[in-house]
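Here you go, one structure.
Note that the chains take the letters A, B and C in the order they are written out, and that residue 1 is the start of every chain.
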Amino acid sequence: MATQHSRSAARIMMAPAVILLLGWMLVPLTMTVLFSFKKYLPLRGGDLGWVGFDNYVRFVSSSAFWPSVQVTLVIVGGVLAITVALGVLLALLLDQPMWGQGIVRILVIAPFFVMPTVSALVWKNMFMDPVNGLFAHLWKFFGAEPVSWLSEASIQSIIMIVSWQWLPFATLILLTAIQSLDSEQLEASEMDGASPLARFGYIILPHLGRAITVVVLIQTIFLLSIFAEIYVTTQGAFGTRTLTFLIFQRVLESQNVGLGSAGGVYAIILANIVAAFLMRIVGKNLDS
Amino acid sequence: MGRITLDKVTKRFGTAEVIPPLDLTIEDGEFTVFVGPSGCGKSTLLRLIAGLEDVSSGQIRIDGEDATMTPPAKRGLAMVFQSYALYPHMSVRKNIAFPMKMAKMPQEEQDRRIASAAKALNLTDYLERRPGQLSGGQRQRVAIGRAIVREPSAFLFDEPLSNLDAALRVGMRLEISELHKRLQTTMVYVTHDQVEAMTMADKIVVLRAGYVEQVGSPLDLYHAPQNIFVAGFIGSPKMNFIEGAEAAKYNAHTIGVRPEHIAISDSEGPWSGVVGVSEHLGSDTFFHIHNTGLAETITVRADGEVGFRHGDRVHLSPRTDVIHRFDAEGLRINA
Amino acid sequence: MARSVTQQRKAINTAVAWAVGLLIFFPILWTILTSFKTEAQAINDPPLFLFFDWTLENYAVVQERSDYMRFLWNSIIIAGGSTILGIIIAVPAAWSMAFVPSKRTKDILLWMLSTKMLPAVGVLYPIYLVFIRLGLLDTRIGLVVVLMLINLPIIIWMLYTYFKEIPGEILEAARMDGATLKEEILYVLTPMAVPGIASTLLLNIILAWNEAFWTLNLTAAKAAPLTAFIASYSSPEGLFYAKLSAASTMAIAPILILGWFSQKQLVRGLTFGAVK
């Protein structure tokens, strides 16, 4: 619905963004795919020629690969389960009438604004340190032996740190969704004799379905590539080496670019599967 | 000056033809109304004239000059939008001044025109307010004010009254008509409301699916509708249409009788039926008569004093001198 | 409307909600408190809550030792620069998509968003290589460009959803009133979209400020922002709790405050409008 003139103006005005993003996507992607078919060791001879699918095979067959996939999935799954479950509860709670609602909401949201390196460091040192951490004090107070969290329960600790960062996000979105629920629907179901539990199960939860899907998909995309939390706390030790971290180590620490790139292609495929689902939901939203 | 000529203008959106080849001339100083049901292409036609849409083919001339490719701002037309389209972040004064500012008019001239427009539209006390602080009618006036300060060769109105409540609508209708009388500038007005069309227009263009069904003065359209569509669209309540044997008596496929041209009585008349719903307007009463054997319902307009009730059997007499006759294609059969 | 709730019920809600809220906020609160302790008090057993000798010494030490201001300045330039650059590129693009939509608009938007899903680690080395070639490694301009590109899809998307809410008729009115495209965007669209542009600005500053993959991997010393400044405390120096806390507080305070202001817009921005 516009004139030829405005259409051509629109094309010109969109060009910079499209070209930049196209370049940002295509150039590194092409390079990664190219490298993945090469033996490429920048510090030990550089580009040593084509090797076909060698890197892909080696990456998958390395003893570190499957554990890293497993760790990735455990962390992503754990964080999703915790944030969605607690997020729904918290959203329901915050939706109730109370005094100081605005302040409570600010308190709950705060962790989301803390940069990942800070939150990892604070948790690592001030809470999870086996000697001076607050948890150690708490354990001693109850007569228990302090736990060396990040080495003995490393995955659980990382899930806990990451969940703390992402809980606000889940809560905020679920709260928004709850508030968009038509209160007449709830009143109607009350007139129909539904108990509070039935109202939650039959009205509220189905209404939240879409919001939960969005939370799960968006968090998955970010969680698949969590980096700073592991970089700062365990450096991938104690069974916390995720796929992202494994690739990072192959590329930057052992400087095996070919192998790392093959891993990168795997990560890209993984992310694209999730992204495809998210895009479908967002796309539907565009139509309405 | 403001004579607008459309010469074989067409408009397609993709493969859908919204306006088939269309010829139309709007004379200088004329108040022309485009009327038709929603989706008939009347707003698209207005936007083609405004230059907000490109024509797919054909030519638009303004005062004889080809304006087909001229950008909207250069056509010398002003437009009042359905939503008023006021700039919410500017005061009323700045809203009205905007087109003059864009034209880089000297400040004194701007002030003079704003003052006179504000006076004419009763906006003088509101010049420093934001549109958000005004009522619907006042916003409408600001939109008109913004249009008149440019002294355009023609005004374009796109359903300007549809967002107002019924009482205000009647008032604004009069104001716009008075404005036209005073300025004597060409106005092109789009509406789906046939009452607005009848009361305001010098010339009505009835559109359906992009086709011009009929062009004429309000009374032309009322007295001599060229086809069933126009006959049914113009006039309220709607014209009654009767087919079959009764129509054959008049050598027609279909005959049309306006509700105000049927007399109702309890004793005599060629047609008879049973009273269904009656709508009492006070001055008039509309009776909906069933079981006439002629059509589903026959609507009759009677004096407000006439007091038939639901279920009463009544007799109807149409005024045979004003019966409209149509052929099988729905076109008017002239006497 | 909901019926009035008994005062008792409201009191219980309030108590539970505040308890949960404080629990979630506690790590931040504890960090801020600890930053005002001496090192000895910070590791005192049992832990000290409010009754200790408040001191600002840690802040002075952190600034002196790690040159906090330099990192802060880098963070401001990188987060602010990438966001402003992004908005300058995004406004015309979002205008096009919101007001001159075509059949491909939806596809282009979704494609732009999908570039955001590209895992950074998959393209780390190529970017690293390109940066070395172009001499951009450990420069602020390099990071500004990368973070701008990372956030550009979100910026465009947010502006697009805000622009969509502005009725097209107003822009058409401006066109009828004789405004050129530039004047239309400058005098009509932008002023009307100020709230939307502001929240886009805020959210993207937050995202850029906290970005910790590229900022850690593409900087060494010169251009390192606060994420790297904090990461440097993960070494044994981290045992200095009070100083770590002071450094952490200094790193998160600006963005925490910004974030609280923009919490409402956050939902829309981060869900790409998929939740209303």
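Simple rule for what comes next: a residue touches a chain if its C-beta (ideal position, glycine included) is under 8 Å from a C-beta of that chain, and two chains touch if they have at least 3 such contacts.
Worth saying up front: this structure is predicted, and the values here are computed from it rather than measured.
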item	value
Chain ID, smallest distance between chain and overall C-alpha centroids	C
Interface ranked first by C-beta contact pairs	A-C
Farthest chain relative to chain A (centres taken as mean CA coordinates)	B
Whole-Å gap separating chain B and chain C, where each centre is the average of the chain's CA atoms	53
Centroid spacing, where centroids are CA-atom means, of chain A and chain C in whole angstrom	16
Chain centre separation (chain A, chain B; CA means) in Å	58
Residue list for chain B, restricted to those that touch at least two other chains	52, 71
In chain A, residues with contacts to at least two other chains	1-2
Chain A partner contacts - residues on chain C that touch it in the complex	1-2, 5, 10, 13-14, 16-18, 20-22, 24-25, 27-28, 30-31, 34, 43, 45-47, 89-90, 92-93, 95-97, 99-102, 106, 108-110, 112-115, 117-130, 149, 152-153, 156, 168, 181, 206, 209-210, 212-213, 216-217, 226-228, 230-231, 233-234, 238-239, 241, 244-245, 248, 251-252, 255-256, 258-260, 263, 266-267, 270-276
Contact set on chain B toward chain C in their complex	50, 52, 71-74, 77-79, 81-83, 85-89, 98-99, 102-103, 146, 150
Chain B partner contacts - residues on chain C that touch it in the complex	167, 169-170, 172-180, 183, 187-188, 191-192, 194
Contact footprint of chain A on chain B as seen in their complex	13, 51-54, 71
Residues on chain A engaged by chain B in the complex (per definition of touch)	1-5
